[in-house]
Amino acid sequence: MSPSPLAFDIAHMFAGGLVLVSFMMLYQDRLLPLINVLSLHSLLLALSVAWQAHIQDKPDLYVTAVIALGFKSIVIPMALRRMVVRMELHREVEVAVGTGMTMLLGIGLVALSMDLMLRVTAGANALVREDVALALSVVLLGLLMMVTRRNAISQVIGFMSIENGLILGGAGARGMPLVVEISVAFSVLVAFIVIGIFLFRIRERFDTVDLQALDRFRGEHR
Amino acid sequence: MSMPAFSPIIALLLTSLIAAAALAFVRDYRWSARLNIFASLVALLFALLLFHSRPPADDLLLADDLNVVFIALNAFVGFTTSVFSASYIGHELETGRLTPGYLRFYHVMFQLMMFGMDLALTANNIGLMWVAIELATLSTIVMVGIYRTHEALEAAWKYFILGSVGIALALFGTILVYLAAVSAIGEGMGAMAWTNLLRHAVTLDPSLLNIAFVFLLLGYGTKVGLAPMHAWLPDAHAEGPTPVSAVLSGLLLNVALYALLRFKMIVAANPGTIAVGPLMITLGLGSLIFAAFMLCRRRDIKRMFAYSSIEHMGIIVFAFGMGGPLGNFAGLLQMTMHSLTKSAIFFSVGHVAQVKGTQKIADIRGLTSSHPLLGWTLVAGVAAIAGLPPFGVFMSEFLVITSAFARAPALAALAAFGLLVAFGALLLRLGSIAFGEPAGPLTPVRASYLPIFAHLSLVLVGGLYMPGAMVTWFQNVAGLLK
Amino acid sequence: MPIVLACVAGLLAVSALSLPLLRHRAATAAVYSACLAISLVLCAAAVLSIGQADSETVLPLGLPWLGAHIRLDPLAYAFLAIVNFGAASASLYAIGYGRHEAEPARVLPFYPAFLAAMNLVVIADDAYSFLFAWELMSLASWALVMARHHAAKTAYAGLVYLIMASFGTFALLFAFGLLAGAHGDYAFDAIRAHHLSPGLAGLALVLAVVGAGSKAGLVPLHVWLPLAHPAAPSHVSALMSGVMTKVAIYAFIRVTFDLMGAPAWWWSLPALLLGGATAAIGVLYALMETDLKRVLAYSTIENVGIIFIAIGLALAFKASGLPGAAALALTAALFHSLNHMLFKSTLFFGAGSVIVATGEQDMERLGGLIHRMPISSAAFLAASMAISALPPFNGFASEWLIFQSILVSPQLPRMGLKLLVPAVGVLLALAAALAAACFVRAFGATYLGRPRTTAAGEAREADRWSLAAMLTCATLCLLTGLFPGIVIDWLQPAVTVLVAGQMPPQAAIPWLSIVPISASRSSYNGFLLFAFVAVSASFAAVVVHRFASRMVRKAPFWDCGYPGLGVVAQYSATSLAQPIRRVFATVAFAAHEQAEMPPPGDLRPASLRRFLRDPVWHFMYAPVASAVGASATLLNHVQFFTIRRYLSFVFVALIVLLVVLALWG
Amino acid sequence: MGITSALAAQFGQMLLVLALAPALTGLTRKMKARLQRRIGPPIFQPYRDLRRLFNKDVVLADNSSWLFRVAPYLIFAATWVAAALVPTFQTGLLFSWAGDLIAIVALLGAARFVQAVAALDTGTSFGGIGASREIMIAALAEPAMIMVVFTVALVAGSTQLSTIAAFMADTGGLRVSLAMALVALIIVALAENARIPVDNPSTHLEVTMVHEAMVLEYSGRHLAMIELAASLKLLLYISIIACIFFPFGLITDGAGLSAHAISLAAYLLKVTAASLLLATLETVIAKMRVFRVPNLLGVALMLGLLGTLLLFVSGGM
């Protein structure tokens, strides 16, 4: 069953939008706007998953969509916002690599993923191919984000965008089982991270490993 | 899932689950420790039962020649570790590093981790296996952080973040494999079952498989601890409770390796794909040599052995990358020997660290004088892990090097170089740890030598004499692996 | 065959059984007497059965689908005899010496295992069992070296030793890998059957030289030897120097003469060149040392060089189709191996007794022991003369054979070899002469003159077990020197197997003299010379005492009118070597001295410092070590990166692989 | 050919060298004195010295050991036996095959070893000086000697002196390498016998002493033994040179009496000539500094080696 061109276009639009939003994330250098972009990201994911559920008529995917919508575009962003406010992080600019550079890299990554995916001349139809190509670029962009950001929270956000990419890919894969379970599992993971930041006040520590600590505690000297 | 009346696999899995649930309610840590041991013993029995009777594979679970080896190893080391941890945690309670509450948590997590690993090993479904490995990882993460000291939390974090990224990559790879399969096999669970995937390997989409393998190699390679994804491993080993270090080195790395092997089988079976051998060889050699050099500068005893685990994983991946019946045989043997030896080493290191009250190599001296039995067992363990006869690692490394040498002498020479450097580094530390004037407290140690001796004697026997049945079994598996 | 296997098993059993009764006081005596008995049995079996046909068996041990192949052929028997005689004498010595061991528990379990491993190397018939035993030998001896773990240098010695050992093992492993070929299995029979292209053969030869040489102490692979041998307890030092190096030589002979098939003429070059260099440099090292046991260790290096020269000659002759000459050279090599085992054991036993008696092993702090320890000093003197290749002792007999085989070199077809061999002969002669110098110095500084420390002054003669061991070995040094023909005939089966030729049977020659090739050419009769010297010496003594004065007056020695010169005014070991240092070592070791004369009125004592540089270490090992260390330090930074960095590693790896895919597709 | 006459020849020769040795020393001294315009002691002075020494008491250092007392006899015996192996006027002696040229060198080496060890026994500085210099010189002289042996042996195809002598007598001929060997052998002989320029037999100045320093502690019969051994050694080297390079007049076993007489005369002639040459040499050249000696011996070593190598190059075999 090959879907109608309209369905194709809509799915394509959502997926492409997701990539676009990933780029938006890349050039946010303040935390609060970044978090807003994240919820937008998750929202788009929710929409595209829902759309996939519709065209593949797999009702269980709606669950995933709901999780994405409720949990990832509302609850987590709220939690993160409170955290930022509490830790007085909302002022700081914290990009490790310049934005322009990051954007260039991002474009390169998208090109790479396209190049890789488009040579897949599978029976898997165009929709799947496009979809996975976009998912791949979202994943890579999220990874790039994690690599280029110093702050814990923005790394969480990067991780979540990776996860969104995965869900996108999973949902796009026709009839893939366990997508729901996986999305749930991932939400648990993210929850863990957020709780971790919350409980242990990790702040930027999980970025900078301070060497006194190493000397004092680990018996590992430089 | 509709199972026939009794399946050892189900029993194995249920044992761990039930034990985990039950342990959550046991207050007294002695009883929980005993229960833990008992559960592991039962699990071991069921695992051994698998050699005797194997249920047919369904689309969720399977037991074949390959994973039974892993399962048995898993259950055995799990059992010995539980025995060791029973004697270990008592001391931790006395020193107050752990509270009873955390201890309960620890036991639950231990069984959960065993469950996760068993599930990962028995899963016939790439998605299920992925979930299982994630479960095992999460449980180990919380156990690594259980001391809640600054560095423990930090190690847990490192592990957590890198592990999660690894998980993400692995999942993407999994999805890609499914996509590659879906056209050939059809939608649904069937397209995620090992058995089907292997059967239809030829018809899968090669270019998708390539990309998938890259993601899986990096994703599960993170768990295996291959450089450059290794960063979590040393800290996790060093800062967590020693039983966890033992299980990490002895088992979890193997489980991730097992996943890699499964995917390697599929990808290798497909003619259109890139050669996976060179990729694995590169990563393996890289990790081997990198870890060898890292060993030279270690000052923390547990971290040192963690790096030696990376080194050995490098050797094993190198061997499997070389492939061929001999190479795979060598890899399997090396993996088994390494699990046994390394966990034995961690057992003794745990006692050493407890009695000396430190993990700093500089503060641990003259063990063979202060604690002869413990010291000499450590010496024996290090000799074994360094690949000296009469221990089994000598045989496996001999096979690895010779089988590699027959095909690619230059690579074999590189590997030998790495082994030599690592050997020197280990020996350098051993000299100061085991010999010379004793330093630190001389209080006699209440160690549980049973697990250590069990492992070492197995390794010793393996080095001297391998029963024919075992050999043929390993050869079958090696044949399966291509 | 069953005897041998049973004995080896017995040794292992002893090593295992020693564990429980380590606490007992009787453990030492028990273990060593057991080892003594077993080694004697093995030695006797080997001596008697060398002429017999080969016997093989395969044990279901070791590498699966290959098994442990065991083979006893004349060569194996010859070395079994050497190994086990050394083992027996060391055990005998240790029955007494072991009592003085501070921590016997660190020696007893490993000693029998060490013996067993050495035997296994000799009888192994497949690469795996061979390397297994080889590495086990290293491990056991390492453990024995570490027995003196309180000494500062020991840890370092053990480290260098075991690293070099496993380096050599890898070399041998690769050598066997080449010899076995890509698909061959590792049984020696298969290896014999498989033939190599000259290039690969050359590579395998180099690897074999590296592998066996690093164990035997061939320059420049010798660095571990002078560290490890002295660090061990003395009976173990004797074993390592006298026996383990022989096992390494066995390995080289086994590979080059047996496994590699028909030799090419250039195979002899590495053995000849390295052997010559080793012989000369080793003894020079020895002359620079003042630590008695290190002196002995370095002289071991020298003798290994001598043996390698003989092996090289044998290879050259064999390759040039001169079986008779090859037999001569190889006999010389084996004979010298035996001799070196004998006198080096004696010397190390002597050194051990000195250390037990005085607690000193620095020759600068010894002296005058000949008065306190007459018997062991006599044994030491005999062994010194033997190792200096002086008649009528056995060292001369074997080196004489080597000289004789050098004199056959004109028959070699290759001009290159023709010219090389005499040059090597010079090195050999130089080594012999320097060895004499070295042992004049060692014996003189240790046993003669006046005691330099009170400890040396209060020394007591060694116990009777030790003396028995020393005297046995010393006597055998003399006997094998007097009747070398017997040994030569005994060795012929082994030689014949390897070079398909043999020396003329010596038993047929009248007056027990030996004839390497033909009577007109050259002959030697140690017994007759000894008899002459003994007779004429006693004759002279009798005549003089009978017909001339026999009066003796005691007086202080001539002190140039400066009475009360302290004992430090004696010539020390360092000053005894000064002329030779000045002549040879200024080039070899960049030796120089720095005299510091305080101006008149200044009360500081004048000082003379001497500086030496070990060229091998300085130019070969130090750079490697520092390179490894530097790169380790560099890489170590990776331990302290931030999570973001680690993530970026993963990221980069991913991207690289994907790009590879993109380019590959 | 009965064994008795063979034995007679052997022992006759042994006694001959023993009897001749001091005379040689005396002769050399005398000639030296004459060359220096001195009267000099009579030729037979050494015998008198020996007799006097033999009858003197031995003065032993307090801390000397048994070694010190045994050494002189060993040194003497080893040298004497070595000398007995060298054909003087007759080759093919009964026991000549008991040891070849290498064995002779080694016997002398043994004698030197014992002497050096004995010198260290009392622990005086003189003994130390002497021994340390002696072993240094020997370390170079012995290889040079071995090289000479190689050259000769390769030419004659044997290391057996009798055979060599016979070969030389028949096919002697002149060869470059033999000439080199001769020079080398002479240098070695000078060094081994502690003659100028290497050592001065008549000095007692610490700075220059080698041999004399080693025997400084000896007295009485012990000293006599050593002196005798020294002159035996000199005679031995002269005989070696004679029978290798000037083998004329040598007879083989079983020659007639007249032949014996002639050969004996020839031998005496050779020895006299040699001592004359030696005396001249010692008169015209000066003693070297100790650390110049190695260069001289190095020259000898190189000559020996060159001689050996030239054999091959000149296609000798």
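We just call them A, B, C and D in the order they show up, numbering each chain from 1.
Throughout what follows, contacts are C-beta pairs under 8 Å (C-beta built on N, C-alpha and C of every residue); 3 or more make two chains touch, one makes a residue touch a chain.
This structure is a prediction, so every number in the text was calculated from the model and none was measured.
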item: Pair exhibiting more inter-chain C-beta contacts, A-B or A-C; value: A-B
item: Innermost chain by mean C-alpha position; value: C
item: CA centroid of chain A to CA centroid of chain B, Å; value: 31
item: Cα-centroid distance, chain A relative to chain D, in whole angstrom; value: 99
item: Mean-CA-position distance for chain C and chain A (Å); value: 68
item: Centroid spacing, where centroids are CA-atom means, of chain B and chain C in whole angstrom; value: 44
item: Two or more partner chains touched - positions in chain A; value: 116, 119, 143, 146, 155, 206, 209, 220
item: For chain D, residues contacting two or more additional chains; value: none
item: Residues of chain B touching at least two other chains; value: 157-158, 161, 165, 207, 211
item: Touch-based graph of the chains, sorted into line, ring, star, complete or other; value: other
item: Listing of all chain pairs that touch each other, if any do; value: A-B, A-C, B-C, C-D
item: Contact footprint of chain B on chain A as seen in their complex; value: 116-117, 119-124, 128, 132, 135-136, 139, 143, 146, 155, 159, 162-163, 165-166, 169-170, 173-178, 181-182, 185, 189, 192-193, 196, 200, 202, 205-206, 209, 213, 217-221
item: In the complex, chain B residues that touch chain A; value: 125, 127-128, 130-131, 134, 138, 149-151, 153-154, 157-158, 160-161, 164-165, 167-168, 171-172, 175-176, 178-180, 182-184, 187-189, 191-192, 205, 207-208, 211, 238-239, 298-300, 303, 358-362
item: Contact set on chain A toward chain C in their complex; value: 96, 109, 112-113, 115-116, 119, 140, 143-144, 146-147, 149-150, 155, 206-209, 211, 214, 220, 222
item: Residues of chain B touching chain C in the complex; value: 157-158, 161-162, 165-166, 169, 207, 210-211, 214-215, 217-218, 222, 228-229, 231-232, 234, 274, 279, 290, 293-294, 296-297, 366, 368-369, 372, 383, 388-390, 394-395, 398-399, 401-402, 405-407, 409, 412-413, 416, 419-421, 423-425, 427-428, 431-432, 435-437, 464-466, 468, 471
item: Residues of chain C defined as touching chain B within the complex; value: 60-65, 105-106, 128, 131-133, 135-136, 138-139, 146, 149-150, 154-155, 158-159, 162-163, 166-167, 170, 173-174, 177, 181-183, 186, 628-629, 631-633, 635-636, 638-639, 641, 643, 646-647, 649-650, 652-654, 657-658, 661, 664-665
